[in-house]
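Comments concern the structure below.
Order of writing sets the labels: A, B and C. Residues in every chain begin at 1.
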Amino acid sequence: MTATATSARSELSELGRSETALRTFLHGLPGVDQVGAEQRAAQLGTRSIKTTAKAQAIDLAIRMVDLTTLEGADTPGKVRALAAKALRPDPADPSCPHVGAVCVYPAMVPHVAEVLRGSGVHLASVATAFPSGQAPLEVKLADTRAAVAAGADEIDMVINRGAFLAGRYSEVYDEIVAVKEACGSADGGRQGRPAAHLKVILETGELATYDNVRRASWLAMLAGGDFIKTSTGKVPVAATLPVTLVMLEAVRDFRAATGRQVGVKPAGGIKTTKDAIKYLVMVNETVGADWLDPDWFRFGASSLLNDLLMQRTKLTTGTYSGPDYFTLD
Amino acid sequence: MFEYAPAPESRSVVDLKPSYGLFVDGDFVDPADGGTFKTVNPSSEEVLAEVAEAGAQDVDRAVRAARQAYERVWGPMPGRDRAKYLFRIARIIQERSRELAVLESLDNGKPIRESRDVDLPLVAAHFFYYAGWADKLEHAGFGANPRPLGVAAQVIPWNFPLLMLAWKIAPALAAGNTVVLKPAETTPLTALLFAEICQQADLPAGVVNIVTGAGDTGRVLVEHPGVDKVAFTGSTEVGRAIARAVAGTRKKLTLELGGKAANIVFDDAPVDQAVEGIVTGIFFNQGHVCCAGSRLLIQENVADRVLESLKRRMARLRVGDPLDKNTDIGAINSAAQLARIRELSDAGSAEGAERWSPPCELPERGFWFAPTIFTGVTQAHRIAREEIFGPVLSVLTFRTPAEAVEKANNTPYGLSAGIWTDKGSRILWMADRLRAGVVWANTFNKFDPTSPFGGYKESGYGREGGRHGLEGYLNV
Amino acid sequence: MSERVAVRKTYKLFIGGKFPRSESGRSYLVQDANVSLASRKDARDAVVAARAAVKGWAGATAYNRGQILYRVAEMLEGRREQFVALGVPGDEVDAAVDRWVWYAGWSDKLPQVYGGANPVAGPYFNLSAPEPTGVVAVVAPESPALLGLVSVIAPAIVTGNTVVVATSPTQPLAAVTLAEVLATSDLPGGVVNLLTGRISETVPALAAHMDVNAIDLTGVADAELAIELEVKAAQNLKRVLRPAPADHDWSADPGITRMTTLLETKTVWHPKGV
């Protein structure tokens, strides 16, 4: 990190202390022109990724999947099956990589943890009264601690959109800081276990404008988020390419300003290989190779995985596959 | 790293003939004196075809055919029927769009992404738009009984061969004129395929005539006493010569000439979109664009930041095979144009501007030029005054809106301008003061058949597109 | 008692709102008066005055320009007898006043009639509006001295252009008297500049002048000269109105072409987004 970045980082870390400073900073960020951003995203979507590039992209995308189930009807049996699939997505092909993580509700974490232990597949848990976030702070923190204690090494929190839209940025900021702290407090670090990674869900579908997405991204990063994530998947508008573009620009600019790299996770609505490849192209051409890694980019998805597997089979065998040949979860 | 594998568009969709004749009076004919020239693929220097070179006799024959078609068929034809022919043409263009796009990229060197996603959709849309005017001319605002002019002589450039053809032919035919069109000598092929489309549409013979050739053919055409209208798109130098040539005649003249547009970025601009706009402004179509944003004016207090973003973005530009679907920048259209770009760029360096290009491997054969920016440019530099018509951007700075306007207008050209700021009232204030025919605010290089296009000052006169585009082809 | 000796008028040029003599110190005898014989340098000075006036006049509101032009018509009407005394038929004066009023009303309507929104296929606001081209050199028709003059000046200036006019060489007095009307109305100095004298002397300089945006050759009767002027005008791509045919009917509805030829259409795009 350069000296300038260090000083910029320390200046930026002061922002959270004052509502006014935070507001001034967030509203001083460059605006986003909706039409221009959407056109750029659409243009990147016209890239033609074929043959070797496609094979490379599919394997990378599989490694980036946060295989997710977030249903009221989730049971230990269901999430164990999902975890098994995460470890070996294509039982017929040992060369197929495992996914990035499994993402479940806190109550399901212990069941998944048993399956994943030692596998290298991360265990993500939503927390903080997901998906609405409408609970007292103590409840959200307890939710977080419980998930971490049960074995989650990644926490997907939701921001308080109500407070954000009302302009109470400090409230949103303080809450993220508190949850981040809770992520590391499961065992107080005594056993050398690193703090859980914090993914901050902006719920961009509720933020309405790209200007808000950019501000919320910076707010989450300033407060210590390790990842910024688009959506819960529980509101009508989930991840889109242009929203992800704005978030990628934010992590790019944040690293340039502070030296700290933050990951990005589009979630919800990404169902096909074609979609996933568009995202990877966007990562490649917006932030570059540094983010083309499961540590820095993830897909929050469920049905995407099977499409990736089918396309992978098509590439290796030359014939189109069908859903009967892949496990349902 | 994520390397994109080659993704070439197939050439097989194009059926290239070894040689092409002139399209006169509905048929392909040999030139009277048998002259030919070769057209090459600028990305490989491969000869694509031999093309007939029209001499004075051929031009005369084409003008007579156009005159006869005007007097006997197209002039008397009810507007609603002219409309139907134009609609037909629009539809065939849509149906054969991939073939036309591939051929355009082969002959011109532009990336298939652009010929496919920009040129061809606009070409079809242009015919579709003007088709609808053919039976509504009395509502166009030019009086109750607008009359066609007669025979239009049209000379177009090589940068958007088929799109410029559409801009010329669609309004001319809608208004009831017949045409003799000369495509540029380096890019004649899509115009000749268009001639086939005219046949396919059963367009009456002589309504559209295509005479291929170089500058001499064009000169003979515009000077022909049998033409009533001259429309030219190209350099200001040639435009001037044409304006002189038509002096004292009845010929109505429209000229769409050069430019040296300022693209002005304020400190409150939506910076990521501005950077895209700068890139689109100067690197779209290899910078072979008369309205290119070739002078970047950045507010001094954000100049370093914007340039850093711009350079980072430029490093992502993919230069190479025009037929690869992932290519952003294709080949320079000709050896002559490449020489001119090199000469002016060298002058930029010699005059003390700082030159930068991203690392970029250029193919060995063909005509190539890496995307380039010059910083530390002043209004006195040649690269800030002369049209380079290539992927070369001159960067200047300003301090106040008034200074930006002054610098932007400080040129004999006046075709286009760009403004990037989040402040609405400043956009309108600037737009009022910029002496340019098209002002793009928070966007750049956008075109539409309904939107008039054309310049102030030495960028020419008359407008193409929209209701205004009819005026140049009507006796009003 | 002897009869009162009349005070005769000196007919001078009209440049920048002032009435200078020709810098050449020359005059010529025409219509029983010594009229200034403008030189190329007078033409140059007139262009400087016209250019200086562009910013204010083009920048004035259309309503304001309309009001000022209407005021000119009022003053013209008031001087009816003066023009008649110069030999302009009364009917022609009336027609000239009416023509002037007709054009005055166009100031705030032409941008609506000749511009407008364009329905582009995308999320953009797109508007075309006409703007004045700038400085226009005008060769007034030989005759009718007043109606012809009014018919070329009014359409040029109503939209915000400024003009340098070469007046009818044989009937310049109506023009100089019109200058008096203009000088006593609220028209800013430099919007209209009048050069009396020989067309062949001043107009080639105007046609070649690189700071003139357009040229109206209406009054050029000599076909050879018209070609020479159009060729010169090409040097900076001046907008050109070609000579009127000898039998042109000055009483007919002029239409809007005179105005539109001296306008530039500017089209502004802006994205629509939140």
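By our rule, a contact is a pair of C-beta atoms (placed from the backbone, for glycine too) under 8 Å apart; a residue touches a chain by one contact, two chains touch by 3 or more.
None of the values given here were measured: they were computed from a predicted structure.
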Notebook entry, point to check: Any idea which two chains share the most contacting C-beta pairs?
Noted result: B-C
Note to self: If I average the CA coordinates per chain, which chain comes out farthest from subunit A?
What the structure shows: C
Check: Where the centres are mean C-alpha positions, what is the separation of subunit A from subunit B, in Å?
Finding: 44
Checklist line | Between subunit B and subunit C, centroid-to-centroid distance (C-alpha), Å | finding: 36
Note to self: Please tell me the distance, in whole Å, between the geometric centres of subunit A and subunit C computed from their C-alpha atoms.
What the structure shows: 69
Next item on the list: Spell out, as numbers or ranges, the residues of subunit C touching 2 or more other chains.
Entry: 122, 124, 271
Checklist line | Residue numbers of subunit A (touch at least two other chains) | finding: 33, 35-36
Notebook entry, point to check: For subunit B, which residues are shared contacts with two or more other chains?
Noted result: 442-443
Notebook entry, point to check: Which residues of subunit C touch subunit B in their complex?
Noted result: 113-114, 116, 118-122, 124, 126, 128, 133, 213, 223, 226-227, 230-231, 233-237, 239-240, 255, 257, 260, 264-271
Notebook entry, point to check: Touching subunit C in the complex: which residues of subunit A?
Noted result: 33-36, 38, 208-209
Margin query: Going by the contact rule set out above, which residues of subunit A touch subunit B in the complex?
Written below: 30-33, 35-37, 39-40, 46-54, 56-57, 60, 249, 280-281, 284-285, 289, 292
Next item on the list: Please name which positions on subunit B make contact with subunit C in the complex.
Entry: 125, 141, 143, 236, 239-241, 243-244, 247-248, 255, 257, 412, 414, 427, 431, 435-443, 446, 448, 450-454, 456-461, 463, 466-468, 471, 476
Notebook entry, point to check: Residues of subunit C touching subunit A in their complex?
Noted result: 122-124, 271-274
